[in-house]
Amino acid sequence: MRILIINPNSDENTDRLMAEKAKNLALPGVEVDVTHVTRAPKLVASYEDQAISGEEMMEIVRGRGQDYDAFVVACHSDPNLDLVREITDKPVVGIAEASIKIGAAMGNGYAVISPGPKSISKKIALARKYHCDDLLRTIKVSRSDDKEDLLKAAQEARKEFGVDVIVLGCANYTTADGYIERELGCPVLDGVACALFLAAGLVSYQKCKRKF
Amino acid sequence: MRILIINPNSDENTDRLMAEKAKNLALPGVEVDVTHVTRAPKLVASYEDQAISGEEMMEIVRGRGQDYDAFVVACHSDPNLDLVREITDKPVVGIAEASIKIGAAMGNGYAVISPGPKSISKKIALARKYHCDDLLRTIKVSRSDDKEDLLKAAQEARKEFGVDVIVLGCANYTTADGYIERELGCPVLDGVACALFLAAGLVSYQKCKRKF
Amino acid sequence: MRILIINPNSDENTDRLMAEKAKNLALPGVEVDVTHVTRAPKLVASYEDQAISGEEMMEIVRGRGQDYDAFVVACHSDPNLDLVREITDKPVVGIAEASIKIGAAMGNGYAVISPGPKSISKKIALARKYHCDDLLRTIKVSRSDDKEDLLKAAQEARKEFGVDVIVLGCANYTTADGYIERELGCPVLDGVACALFLAAGLVSYQKCKRKF
Amino acid sequence: MRILIINPNSDENTDRLMAEKAKNLALPGVEVDVTHVTRAPKLVASYEDQAISGEEMMEIVRGRGQDYDAFVVACHSDPNLDLVREITDKPVVGIAEASIKIGAAMGNGYAVISPGPKSISKKIALARKYHCDDLLRTIKVSRSDDKEDLLKAAQEARKEFGVDVIVLGCANYTTADGYIERELGCPVLDGVACALFLAAGLVSYQKCKRKF
Amino acid sequence: MRILIINPNSDENTDRLMAEKAKNLALPGVEVDVTHVTRAPKLVASYEDQAISGEEMMEIVRGRGQDYDAFVVACHSDPNLDLVREITDKPVVGIAEASIKIGAAMGNGYAVISPGPKSISKKIALARKYHCDDLLRTIKVSRSDDKEDLLKAAQEARKEFGVDVIVLGCANYTTADGYIERELGCPVLDGVACALFLAAGLVSYQKCKRKF
Amino acid sequence: MRILIINPNSDENTDRLMAEKAKNLALPGVEVDVTHVTRAPKLVASYEDQAISGEEMMEIVRGRGQDYDAFVVACHSDPNLDLVREITDKPVVGIAEASIKIGAAMGNGYAVISPGPKSISKKIALARKYHCDDLLRTIKVSRSDDKEDLLKAAQEARKEFGVDVIVLGCANYTTADGYIERELGCPVLDGVACALFLAAGLVSYQKCKRKF
């Protein structure tokens, strides 16, 4: 099985981090490639950025899509997710969608760690879109991508709101989950990992259904 | 990776159907065993049945649990799910939980096909427990386990409530998903398959976190 | 005050109907122009259609936008509403948003009349985005744009779900509100009219705030 | 078009502030008068105050009502709104209703600034009545009607709850919106202005429907 | 302990039915009187009727109130409930409030049987006020106060919506609960009985608290 | 009428406190006995503890049940409530259920005072099960069973969240309600008292229905 991670941003460093994560996740029988949108800004932040990124995302899925069994949209605002889903019958999973839905399912309240104050309102709208807003207790902004800053934001969310689960709200945080989980003692979720194992599961399940 | 499906009922025919499903799901690198609770009634229906089943479920997890990486509770009332989850650090997934949460995540309204009118109220309570009651449009009772009866119930739900997704609400329906999905043209979910791929994904993810 | 209605579709007949509606709405001191997206399909139906329409919508707002005080996005799927809103400080109102929010505010349950079964799921998602899904009782598909067909669909919604309010779910229904309201005896809302008076009100209010 | 603002309190200073606001709002073609309930207490605070005010509000609407096209109930507890609405076919808009619904519609979370701790519970009940309680993040009590005190309360709400929108929860705050909005950089809503432009829009729309 | 049932309507026949119910409920140590509002219409239907009734309800509570330990507001629209509650420290319970809250608490879905189509929207608003709207599945209108008609409406609600509980939505239905419950096989609730035992319980509890 | 309080824990001191409370509650015509589960741990904390307690709870109800008209499950996690309810037709009320539902019904926001941080997530799940989670503003952990510590926790909840009502979240707090209520000036609810008067009311109501 082959899964393509589509980075809607043009930052190759994020590609590298996600490839490392996929390699360590080591889903049996699953090969993962990572690609990014060259014409997008380094970090998609506005709806216009999303619109710009969308065209090339469709080109990628239509051009190289036949080589893959599923796609992961790998920016924690899930840009153009409905659009990509519409042009393919294969599973398409967003990293915000995967981490928020699994996070909401794991307890009675979760927090999202976010890269900036401008994203707060967008995260709330996403959580609502995914019917998980009733369990979203807070969104904490981290000062940087650094593990210690992320841990600090997560600790605040735990202390102030008693949340059960932490969702890391940016693809660039992908390698911080294990450390923060051990420090906090509660589940910490990275969307890239969540989206990969969900996508792999859905591919297996689709194949299975054809046999019945 | 090894996953144990625990059938809280004592009906071996259900074991057989689930083993067939697991074999066809063919999750790469995942070995699946099925066991059932011998002291339970053939079909767990009441809370007392659930309580009776709970003791042996704990024995199974404590006794044979070290040989497995994850557990699936395989009755669509998710009996003793919180209990089993409490006594092990490994992933434990219920088939109602898995199918309801994935079903709610796949569209803007789902229906559950259920074996009897007495289960309606319990399904509603489960959907609420899992924060998926706002998207549960209807629960349709099927006359039998037969594929044609299940299809008929699903067609009614589609026609009357315009639902996007059908959730099969009994372990004994596990092999009916493919046929109904093709006939209906919308996703049809079996909890056994959903729970298996979620459990497998969570195991991989837990291992991955230890590396970061 | 000048308001520009942007028709995200390329059907000039819809332009004509909306211009007629705006003329009859006759908001005092408000001049209304209508324009459409030439590169869009006749009727925007898919997310890809929406993405195609988005580019020219931005061109319109950036190119001719300085001549207007507010914009109305005039297709009942509110395509690219967040996008247009982001690139201007002036009020931007969608016709779905306006009619759904005013409809939800007018009673204890509303129905949407919709042009086709494929739009049902999208209407539910829009109602949720606008926090009005708890009062959306049903979505009825009308056989055609004809007033009698629309009335029939609305009567069914009234009878089966006891709704207080009918929302007309397509720009092409813009001139049918008065007739259906008189026949039904409950409020019937057209998004074009609702969006125009909301946009005009917001422009006045923005100007007013500068004086305090 | 003529709109009558009914002040359910007997404080003429509030009349004066609202008249000033209406004059600056300057809705084209709209003439606004303000009247108050002479037999009411200076500030309606209890349900008994509301009941006392109700009788004279009905007298006003029945007596002078034929001269007006719409009515605004101008106390931020919306006293007797359902009652007034019942005895006239013309639009009746409450200032709490208008500001809370528009505030909830403008973002993913709003705060209400309120004149006293006793009103907190009533504001929550109103927000629920208007189906806007899910987005009400906090109610902050202001020390006085002074702009600086109101700004301070609004700043706290922004800082502690990250709200998108501020709703001014008292008719006496009607002239403070512009200043606080400029200081805060997010929308600040006064119910008097919101109710006036909504009422004007509904009048135009009612007239328009008669032509179709 | 003495409880006063206040009938906000002027129909003495309702008084008689409620006195009969109270006598048969036979709460130990509880004496129940019934009074009605003489200046009210025979059946309070509009908000204006409610306002008219309110004045005399206050007179009753203030005049004869010192002789009673608690009050029941006995019309299933709970007219002036907040008002009466405000002017006394003693428990005040509405029959809609009591029956809806207990009905919602008894299962996973309830229906209200209502005397007329005009009350549907008001019942929905009441259920929302009491935070019980998520479990209100339907409101069925009964052709008359006759037990057979009420049973028929309740049977329809059971069959079409699978509700667990029936709430009788009018004081005049007070003596029909036992018969319908036996016929249907699910709980059927009359607000008069529910309000009486809740009020009695709250009185005992208030006295008890003074001892600790 | 006789009510049996079943203490699912084995701590006899809790029995003593509850008997004292029942004596002071002094429901007219109601005799209250208290028993505990001898094979349970001193304080039921885990799901396994609950399961262990369940067996003896069923024995109690089946063995001594015919002597009683109703049962109260007296631990604020409501262990095995559905189970006990299933094996008897008599009213069974949980102390968490009773206090949370009455607390939610008394205002626009309540807080629960809880004995430990581990119970927070379980209280949230219970509030959701009982459809009262939307009004649960916070759960405050008290340092001990001491009245002053409980008051302190309740004061914090009042100050930080403006709650209307305090629910005491442990059977061992049963005698602290009066003192805290007087100090705070808002309703403070003990589940033992609430469950007793609800159970007594339901018994009277059941008997009454047989006469109609």
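In order of appearance the chains are A, B, C, D, E and F, and numbering begins at 1 in each one.
Here, a residue touches a chain if its C-beta (ideal position, glycine included) is under 8 Å from a C-beta of that chain, and two chains touch if they have at least 3 such contacts.
Chain labels with UniProt names: A, B, C, D, E, F = Asp/Glu/hydantoin racemase.
Since we're looking at a predicted model, the values are computed, not measured.
Asker: I need the common contact partners of chain B and chain C, sorted by label.
Answerer: Per touch definition, common to chain B and chain C: A, E.
Asker: Between chain C and chain D, which partner chains are common?
Answerer: Correct list: A, E.
Asker: I need the rotation angle between the copies chain A and chain D from a CA superposition, between 0 and 180°, in steps of 5.
Answerer: Here the rotation carrying chain A onto chain D measures out at 120 degrees.
Asker: Going by the touch criterion at the top, tell me which pair is linked by more C-beta contacts: A-B or B-E.
Answerer: A-B
Asker: Report the chain whose mean Cα position is at the greatest distance from that of chain D.
Answerer: B
Asker: Please determine the option from A-D, D-E or C-D whose contacts repeat those of B-C, over half of the contact pairs being identical by residue number.
Answerer: Checked against B-C: the matching pair is A-D.
Asker: What is the distance, in whole Å, between the centres of chain D and chain F, each centre taken as the mean of its C-alpha atoms?
Answerer: Centre separation, chain D to chain F: 42 Å.
Asker: Roughly how far is chain C from chain F, going centre to centre by Cα mean, in whole Å?
Answerer: About 51 Å separates the centre of chain C from that of chain F.
Asker: Taking each chain's centre as the mean position of its Cα atoms, how many Å separate chain E from chain F?
Answerer: From the centre of chain E to the centre of chain F is 26 Å.
Asker: For chain F, write out the residues touching at least two other chains, lowest number first.
Answerer: Residues 125, 128, 131, 134 of chain F touch two or more partner chains.
Asker: Following the definition at the start, I'd like every touching pair of chains, please.
Answerer: A-B, A-C, A-D, A-F, B-C, B-E, B-F, C-D, C-E, D-E, D-F, E-F
Asker: Could you pull out which chain F residues touch chain A in their complex?
Answerer: 117, 120-121, 124-125, 128, 133, 139
Asker: Touching chain B in the complex: which residues of chain F?
Answerer: On the chain F side, the touching residues are 46-48, 50-51, 54-55, 58, 80, 82-83, 86-87, 125, 128-129, 131.
Asker: Which stretch or stretches of chain A touch chain F in the complex?
Answerer: Residue positions touching the partner: 107-109, 134, 162, 164.
Asker: Can you check the complex and tell me which residues of chain A touch chain B?
Answerer: Against chain B, chain A makes touches at 1, 21, 24-30, 97, 101, 104-105, 130-132, 134-135, 175-179, 181, 188, 193-194, 197-198, 200-202, 204-205, 207-212.
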